[in-house]
Structure formats: C-alpha cells, structure tokens
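Pasting a structure below so you can have a look.
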Amino acid sequence: MEALKTSAPALPPGFSLRETRADGSQEYFLNMGPQHPSTHGVLKLVVRLDGETVVEVVPHLGFIHRAIEKMGENETFVQYIHLTDRMDYLSSHINNLGVCMAIEKAMGIGVPERGEYIRVLVSELQRIQSHLLWWGAFGMDLGAVSAFLYGFKEREKITQLFEELCGARLTMNFFRPGGSNADVPEGFIGKVKELLEEMKFSLDEFDTLISKNMIIRERCFGVGRLSRERAANYGCSGPVGRASGVDFDVRRDDPYSIYDRFKFEVPLGSNGDCLDRYLVRIAEMRQSVRILEQVVAAFPEGQYRSKEKASYKVPAGSYFSAVETARGMFGTYFVSDNSFKPYRVKSRSPNFSNLSALNEMAQGGKIADLVAILSTLDLIIPDIDR
Amino acid sequence: MSEETPKPDATPEVKPAEAKPAAPPPPPPVTYPRSAGVTMAAAPKASLSRFLGDAFGLFKGMNVTMRYFRKPSRIVTREYPENRGTLKMSERFRGQVVMPHDEKNEHTCTACTLCEKACPNGSISILTTKNLASKRVLGAFVYRLSSCTLCNLCIEACPFDAIRMGHGFEMATFTRDPLDLILNKTEGR
Amino acid sequence: MGLMGGSPLTGPGPEGIQPGPDGGFPPLPETGGLTNAVDWVVGWARSNSLWPLVFGTSCCAIEMMATGASHNDWARFGLEVARASPRQADLIILAGTIVEKMGSRLITLYEQMPGPKYVIAMGACTISGGPFYYDSYSVVKGADRLIPVDVYVPGCPPRPEALLYGVMKLQELIKKGAWRNSLIPRPINHAPFKDEMSETAREWEAKEKLKQEGMKEAQEKFKAENPDFKGVVIKRVAAPKFDEVARVVRPARGLPPAEILALLKTFFPTLGVYNLPEPDAAKLAALGPEYVLDLTVPKEDYLPLISLLRDDARFKLDFLIELTAVDWKDRFEVIVHLLSTEKGHKVFLRCALPHDAHPELPSLTDLFSAANWHEREAWDFFGIRFTGHPDLRRLFLDDDFPGHPLRKDFEDPSRVVKRPY
Amino acid sequence: MTEIPANNPVGDFLRANLPAPWAAIGNGLIAVAALAGLVTVTAIFLIWLERKVCAHFQARLGPTRVGPFGLLQPIADAIKLLMKENVKPRGVDALAYFLAPLLPITGSFLVLAVIPFGPTLQVVDLQAGVVYVVAVSGLGILGILIGGWGSNNKYSLLGSMRSGAQLFSYELSMVLCMLLIVMGSGTASLREIVLSQQGPFWHWWIIKMPLAGVAAFVLFMVSSTAELNRGPLDLSEAESELTGGFHTEYTGISFSMFFLAEFVNMFASAGLGATLFLGGFLPVQLGYAPVDHALAMLPGVCWFFAKTYSLIFLYMWFRWTFPRLRIDHLLSLEWKFLLPASMANMLLGATLVAFRWIIP
C-alpha cells in the first residue's frame, strides 16, 4: 500500500522533548509499544520519565483501528453481530447480546424463557473466562509466569464448553435476535455444574498463589489510585469503575435479559488502586459462579428462540442498548433509516473510557507501576480502536 | 433436564399457529435507592503479625506450584501431532465450510445465492451455469477460505442443507492460492 | 481442490511467489556430502528452535497464547522462548489484523529481526484482510503485501492445533531450504487488490459465454429429445419452527422522561424532543416505559444544558456514556448519551450542525474528562471541531490520512474495496 | 579432622613425566579444557532442566519432540544461535557492544576455577578463595553495565542501570554471609572450608553455627538470586516492563553468551552455596556408621553435584512461583532489611565463634 508512511508521533501542546534542570538532569521519553509485552496488544504509550518515575503518559491509539463502524453501515444488522466478536473478543458472547438486544428493542422481538436462561448462562461463563485470562495476564505482567499458565488452564475448560456450545472458541457469533442460533447441547448443564465445583477450588488456589502474595500486595496497594469522582468523570465502568467506588453495574441497575431474577452482589473497592481492581475481579468471578449456580438450578425447558423474522428491516429511529461485559458497559447505538442495513452504528466500548484515565493514574509511579496499572485496567486494544 | 431438548438440526413438533400471545405483565419497577454494592475490606494495617503472615503466605504460594510439580497427573497437555488419531472435535466445531456429496457425487446446492448474500465477508461466490436442459444450476461454488471467518451465517441461511461446517483444521499452506476452494465436485442438477 | 493462480479460475499467480512442484521451495542443487550434512544439521537446528516474537494485535493473539498454554504447550516444539525483542526472535506469528498504521511498525520489526527469519500469517485477517476486506479504509489486505509470509494458517482464529500444524509446515519448509536459501528474502505480494467477488464473477461469465455457445446444439438436441423434462427438484430441509414470543419491556430507571422535560423546559424553553413535535406528558407516555428522553438541543444551549444536567441535584447525570455524531448528508448531528450512576436514568441529546468542512461545537472536556477522547474520535471520523478542546488531534488515524472516513461522502479507492452486494 | 590429599592422578602423572614448567602448563591446559567442557555441558543441561522443570511447575510437558525427552532442544537452540545473523544496530558503541557479552561468561568461568568439585578435583585452591570469588563475580555486573550502555537503547540503559544498583547492593549482604563462614572456619580457602565441615550433617555450617548458619543460608539464597538476575529479582531483564532489559539489542551469538552466562552463573552460585553451607563434596553422614559407610561409597563429585542441583532446583522453584519486585522495593529490601539482618547475623556469628558456641 503506497500510503504507508511512518508518521512522527504527534505530541500534545506544551509537551517538549528536552527539559534540562538546574542539576543538569533531564527528563526523557520512552516509547512503549506498539509492540511491547505489557501493552496487551498494539497500544503505544509515550511515557515521559524522570529517571524511572513516570511524569506523564500519552496513549496513542489506532494501531488496530479496523473501521468496524464504517463496515457496519454496509452490513446487515445480523451481520454486524459477528463484527462485535472481534472487538472485545474476550466478551464476544456479551457483545453479541448487546447488538441482539438493540435489534430486539427496535423490532419488538421477544425472547423465550429458555433463551433468556441460555443468555445469562453463557454471559456469565464468558465473564469468568475473561477474568481468568486477565488473572493469568496480570500474573505474567507482574512476573509470575506460572500464574499465566494456570489462568489459561482454567480458561481452557470454559473455552471447550463454548466450542461444544457454538463450535467456536473465541469468535462465537452465537446469539441472534430472539434467542440464540442453537440450543445448548446434551449434557451441557451437567458439565457447567462440574465446572463450577472446579472453579471454586481454583479460585482458592489463585488466592493462595497471587491474592495473598506479599509481593503482589506491595506492588498493587496504593498504586494507580483513582477517586470515585474522577472515575465517573472519565466514564470508567466495569471493575475499573467499581474498584474506585462507582456503584454501577448494568446487570443490576439497568437489568437486561433476566438478571433481575438472580441474587448477586456488586463488589466495590474503597481505594481505587490496583489491588482493589484486582480484588473486585476476583470477587466478581465468585459472584458469577453464584449466578451460574442459580441458573443451572432453575434451567427451564421450552424453545430456545422465538420465531425467526424473514428479514431484519429495522424501522427508522435510533436504538441504544447497554450490557455489562467483563470490562464494563458496552453500548450499541443503531441509527436506522428503515432499511436492512444500519445508517450509523456506534459501539460504546468500556475499554476506551477506562484507558483514558491512565495518565491520571500513572503519574508519579514507576515504570513497573505503569505495567501493573495497565494490567489491572484489563485492556483489549481492538475494543478501544474498533 | 437439557438432555431431552431437541437438537438444533432436528425439527421440533410444529405447534398450531396461535394468535399473538398477550404480552406478559412487565416486572415490578425497582425503586431507587437500590441495593448498594458491597465495599470490600481495605488492606489491614502494617504489623509484625501481618508481616509474618505474609511471609508465611509466600511459602504457601510455593506449595501451590510444588503441588503441580509433584503430581504429573495434573499435566493437561494434549500432544497434538501425536494424538492425531484420537483427536476428535466437538460436534458443532466450525473448521471450514464443506459441501457434502452423496455416493453419486451429487450435492443439493441449487445456486439460490442465499449463502452468498448472508456472508458478511464476500467469501462465497456462487457461479451459475446452464445445464443440458437449459436450467440455471450451480457451476462453481467458490469458497475463499482465506477470508472466511467461520461465522456460520451461510450454513444458517441455506434452506437445502447443501453446505455444512466441516471439522478439518489442518489447512496451513505455503501460498495463498490453495486457500481459494471450489467446493462442488460436479455441476448442480 | 487447489488452483494455482490469482483467482481460483484462471490467471497466473502473483509475480514472485513461485512455489516448487510440491508447493515448497525449489530443491537444493546437488552438492557434496559434507555440505549436505551441514545443511541437514543446520536445518534441523533452525526448524526446532523457532523463537517467536511476542507479537499479537487482536483475537488471534489469544489463540496464540492458548497454543503456548498448558493444554497445547508449544514448548514441545521448542517455541516457548517467546522473545519480546525482535533482535532475538526467528519467527513472527502475525496474530491479528494488520492495519495501515501498524504496517510501518511491522515492517520495522521484521527488519530488526536478524536472518534467517520466518513469518506465519495466522488467521483470515493477515492472509487477506478477512472480514475487513470490504469497506474497511484502514486494514491492510493481506500481510504479505508488507512482509514476505512463509506459511498461511487460515481460520478465524485458527484453533491452537491448526497453528501447531502451521508450525510443522514451517519446520518442513526450513528443513527443505535451510542453509543457503534462508537468508534470501522471499518477495512480497505486489498484486493490486481488487473486488475479488466481482472479478471472479466477471471471469466466470466470460468463460461461461464460450461454454454456452459450445453447448447450444446439445441443449437444443436435449430439449427436442426430452420435451417434458422438468429437472431435478431439490427439497427444502424443514427449518425448526418457533412460536412468537412477546417482548418483555422493562421500564427505564430513575426520573420519568416527562418529568425531566418539564424541569428542563423551565430553563430552556426552546428544547425539543427528537421525532416528537410539541411534546407533552401524554405523548411521552405513549412511547412506552423503556423510552429514554431524546432531546434536540440548539447549539447555543448545548453547553449550559449539559452543565445543568451534570450539576443539578435532581438530574445528577455524572457519567458520559458516549459522544458521537451522525452524518445526515445535509447536516451533522452530535449525539451525547448521559447517565446518572446514582439515580439510574439516562438522557440522550442531539445537536444539529451544518454540513460544512469543519463544523464547530463547544467542547465538553471541562465537564467530562471522558469527552476528551470521544471528541477527538468525532474529529477524526467526522471532522467536527470542538472549540476549547485542549488537544484536538486525530485519535485513531495517521495525521496525514485524507478526509474523515465516517462521513457519507468519504471515498478513497486507494484504500477501500467497495462491497459488491 | 581427617586429612584428604589434594593430589590427583593426572597431576601426579604429569609431574612425574615432564620437566617442572611443562608439567604446570600441561596441568593448567587440561584444567581449562575440563572447565570449558563443564561450562558447555552444564549450561546446555541446565537450559533443558530449566525448561522441563518450569513446564512441570506449570502443568505441561516442556520440550518433547527434539530428541528423547527433548534433550536435544538446547543443542538445536545453540546451533541456531551460532548460525544467526549477527547484527550491529545503528548507533551502538561497537567496542562496548561486542565486549560486553564476553565479561559475564568470563566471570563465571573464573569463579568455577576455585570451586572444589571433589576432594581432588579443583583447578586451584587459593588461600583467599572467598575474596577471589567476590572479586571475580563483579565482572558479570560490568558486562551487563557495559552492554546496556553500549546498546544505545533506552530499555537497555534502564535495565543495566537497574542491574547496577541491584547487583552492587546485593553483593554486600552476600559477602557478609560468606564472611560468616570464613569467620567460623578460620580460613578463606574454599577447600578448607569444605574440610572444616567433616562429620555428620550437623557439622555443615548451615547447622553447625546455631541459628546464624540458617539465617546466613537464607540471606545467601535471596541475595544470590538477585545476583543471578533471576526471577523474582530479574529486574534488569524484566520482560514485561523492559522487553529484554540490557540484552534487548543483542542477537545471535552475543545474546547466547549472556544466555549461557546466566546458567553457568547459576551453577557457580549454587556450587558456592553447597560448598559454604552444605559441606560441598563431602558425603551426607547421618551419624550412624553402617549407613554412613554406604553413603561414603559415592565419590565426592556426585555429592557436590547432588547438593548443587538441589540448590538450583530451589532457584527454579523461586522463579516459577513469585512475581517480580519493583525496583524501589528491591532496593529497600536490601538496604532496609537484608543488609541490617546480615550485619546482625555477623554479630551473632562473631559472638558464637568467640564463645565457642558451635556444635563440636
């Protein structure tokens, strides 16, 4: 492609490269990324450093900007579902659900009881799966490589369940407006029950290995603090927001599917530091296990989806739906001009807002703190860039 | 419970069409303030006993890794090229689109192009021809594995069950061209 | 069925990539025994010690990591020494989409690797652009346009075993062409990208025309012989039938829209509701319990209104869900979604702007820090200038990207392949 | 204390058949060749061991496909690294860049020269052996500093500066731990330190000096982990933070030198620990004559390697369990905890030695 050129990173105003102080010392810049092990993908951070102390972090985005919103304007509503798989690929089921809900809202499609149960079941499995991967990656970022493999080992069990359910391990494309594209396979619920038992054991093991580890606590406690007001102002949602005390969980406060039928708690942090973000996610996994136990206990019979529409021609208007992914509030906004394809589609990604608070969190810390903060933000870069 | 539910490809009993069911009553509105989130305990203050507990915690952590080391039965590795004979994909696994052919080497594709339209990536080209009876039939079902995302939309769209998801996954090639496939072995009927 | 060539039907392959008879490199010339022995040892060593670069851009990276994890364990192949520095790596597994902005960095990474170096293209995106082939203005349509690729592993994403199979293919390749060939770079794909679907259809049509001409006689003969031949009827497979289910409507939380509107009208009498002329409580109630107030705001009221909504204790809309825009061809609409994390209600706002080159609107960054990036995104995509924004640069695209891609009149044939259907 | 002769048959043969200067030179050459062989084999074996042990800690198999149990894996890696293009990145200081990788491997090579592998297997028995070890191991630090500086890369520089701060400070507590043993045994020769631990296993310095010995051993293990740049104290590499730290810009054979030195260092360090605290080449004696005789049948070299490899396993266990420390935590751990603790331990040890409160 001839348009490929290296463009110099643009620096924000008031951002000079050299600053010599009275004692002759200088600040300097370090480019972290786009290929760097701790940025979890292709995020680029321009870090202004004073020795090893971070003075300022400027994230540069767009290294995986794939024009999903533009493409959405040329794909049908149902085809758009599969693109959201590729945004936050660790919450792909939940992203699919968000799109389906927006279509359902627009066209007045109902979901049968069993379909709703499948939705909650799969969403919560997905949440645990995503948090497991995050837990492993967190361990790896902080240097505990074994934790990475333990996290993946547990996650693989859920991935295999998903493969049985919908045939894919990562990009699911499973939910459809009105339900899902298939019923749960035979014996699935039994396997989920087994998994939940194993999960409780693994979570205790995780606590022993990492949560109660002195080094981790030292490295995370009080690092990357974000107050409740700032977190809300930055639009931080999900575990990042809740660790800072933003008491908002779409599942509880704007319930979709049938989340209002299940009992669960929303864990909140008090310090808004890395440790709180860590503990909130661990607590969320336990809450998800709790929800899943209620789901499998009351899993109903019946049809798994409602009558399929001949075509999805969405009446003119604009439609918004919000779901709680593993990272926070995922919003889908459709503008339709009464056709088969959306006129404009916008996906509100939780990571986008969560990352924007990075500079405020990382200032004054060390490079190692920056890594810990990035890790507890649990970023999925394609979700930010879309 | 779930064991008795019909498989997705089986046809469930067709119930007589009813009049549109009446909307169930909306759930009772939840009034604010809602149940507040549970704030977790902050980290305890520094003390000697905490320090000793933490130091002991390090040994407990070492015990976790040691448990894995001691028990080779906890190794979960599946040895892929060696286990090729026994490796079985789950039934719904989506590996690539295949077109089943019967013993007479015939398929059931009618070149209706529903799959072509359903494909979000333009991975399918239905190329038609006219057979001896001057009927429009399938000439070539071009399937570009190189751009296929295995999203299952074409299979859901097909009303004739002419294409399915195959379980093959060993498809790596040295060049890009062999990834463009023609699925049908014969022309349509 | 594999066909050599640029299209599955006709035409020679792209210049440069000329596979040997068995799909790999051409065989080595005959040489002495010692040289061959050295070749064999070096090839063996290289193929069994492929240290991958830690490089993953999107979804495939997770499957790549899963390949390294306990269940599949690429350490069995000696691959677990993943290097974060390209200087020590032998292999790039291109896990995930490569976009234009990343492309130059990818080339740098490849050049930083010392030879012999190998590349595996994992997944549809890196092979051909995959799901992002059509309509995307930023995705590189196949990573082999940037750096030479040795093995292509299709899938989206390929499962770990498929990647391991790809690695084994690469080992095969290295063993074949070790020592002398390995430092010769393989050429990259310079073929211009085209709308593959239409191209294939056009080629087919041309061939078909010829074929039909040849068949005309036979067809007529067949018709004469079998005058009442109806053809084979292929039956539809009965799809599972489902009953229609009524949708459960959950009422929106917090303050009802009518109340919010009534309160706001006292401050901003010119406020309207989108698609609802002369709104009143009855009309709003008719829109259903899950309706979220969707206000149309004149430009001059935009900042004061949002400031009121944020600060007034009755609304407390402290959370900016998103800020975006819609191009209506004759006007832009900036859309703001606000949420109250305490009370639970949402308010949507839209503010119409003229369809100029760079319409202007006051920035919300003083009210919401979150607006900073949302506004930069809107500037990047639509060219809407937010006055008072501290740092209004492009967010996603390179600074020299021509135009604003989410405008409806955006055209760039050098980047975009239009969807033919 | 029984005397164990220091002569070995090879030396005796040379001295008997060659004129004096030639015998010394021949002896030296044979020793160097043997050490070089040991270094190569040890490094390759350790790389394999590390990968296998790490895999088993992580519920997986590790290398299996190259040779039996993947034993040839490190050999494939070595050949590949040797055959790799050697790049000199633009802007590096060529002398520093190419000199640096040689220093760490030289340092660990020289340390091995004074370690007694067996009763008659030691290249040279210096009277000031402990001092020599401390002096020579500094070469490794120098290599890392020079390499990081010469690479002209910010990550390398950060990594090497970190390692400078880290290694120099941890050297202090390590030396203090070693001094404790020197104090107890009354000699700085490593061979004589080993010989001072004869008898049942409670005569090893780890137990012989009540409390102080164990404390010194723990401190030694922690500070030597830091000296070795191994996780959880591998801050100078810190892959997730600094991509590769000081060796970010190194390729091919220069990188393999660093890689090799890391493992040889680990061997040397564990060997030192075994020599100082665990009775080196002396067999394990339980104080029960029949068993002791059976145990003493095994040659000293085997005991040395057994003890050394158990310590190496300990290093690996640390590495694959713990997360990495932060640089300021690491330094405060040394200056605020380890150094005062080892000083207090020195005082305790001095008291014990002065009042003869040592297990006889």
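Each chain gets a letter, A, B, C and D, in the order it is written, and its residues are counted from 1.
Basically, a contact is a pair of C-beta atoms (placed from the backbone, for glycine too) under 8 Å apart; a residue touches a chain by one contact, two chains touch by 3 or more.
Predicted, not measured: the structure shown is a model, and the values here were computed from it.
**Q** What chain is most central when centres are computed from CA atoms?
**A** Of all chains shown, the one whose C-alpha centroid lies nearest the global centroid is A.
**Q** Write down the chain pair with more C-beta contact pairs when A-C is set against A-B.
**A** More contacting C-beta pairs are found at A-C.
**Q** Need the CA-centroid distance for the pair chain A / chain C, whole Å please.
**A** 18
**Q** Taking each chain's centre as the mean of its CA atoms, how far is chain B from chain C in angstrom?
**A** The mean C-alpha positions of chain B and chain C differ by 19 Å.
**Q** Centroid from C-alpha atoms only, then distance chain C to chain D, rounded to Å. What do you get?
**A** 51
**Q** Would you pick out the residues of chain C that each touch at least 2 other chains?
**A** As it turns out, chain C has residues touching two or more other chains at 69-71, 73, 76, 84, 131, 134, 156, 159, 239, 241, 243-248, 250, 253, 344, 419.
**Q** Can you list the chain D residues in contact with two or more other chains?
**A** Within chain D, the residues that touch at least two other chains are 57-61, 64, 239-240, 243, 320-322.
**Q** Residues of chain A touching 2+ other chains?
**A** 36-37, 82-83, 85, 146, 149, 153, 156, 171, 209-210, 213, 215, 247, 253, 255, 260, 303, in rising order.
**Q** Tell me, which parts of chain D touch chain A in their complex?
**A** 54, 57-60, 154-155, 158, 162, 231-232, 234, 238-243, 320-329
**Q** Taking the complex as given, what residues does chain B use to touch chain D?
**A** 58, 61-62, 64-66, 68-69, 72, 74-77, 79
**Q** For the complex, which residues does chain D have touching chain C?
**A** 51, 55, 58-66, 70, 72-73, 75-81, 83-87, 89, 239-240, 243-244, 247-252, 255
**Q** For the complex, give me every residue of chain B touching chain C.
**A** That would be residues 6, 8, 10-12, 14-15, 18, 20-24, 26-27, 29-30, 32, 34, 75-81, 87, 95-96, 108, 110, 116-117, 120-122, 125, 127, 129-130, 132-135, 139-140, 142, 144-151, 159-161, 169-182, 189 of chain B.
**Q** Once bound in the complex, which stretches of chain A touch chain D?
**A** 28, 30, 36-38, 52, 139-147, 149-150, 153, 209-210, 213, 215-216, 218-219, 366-369, 371
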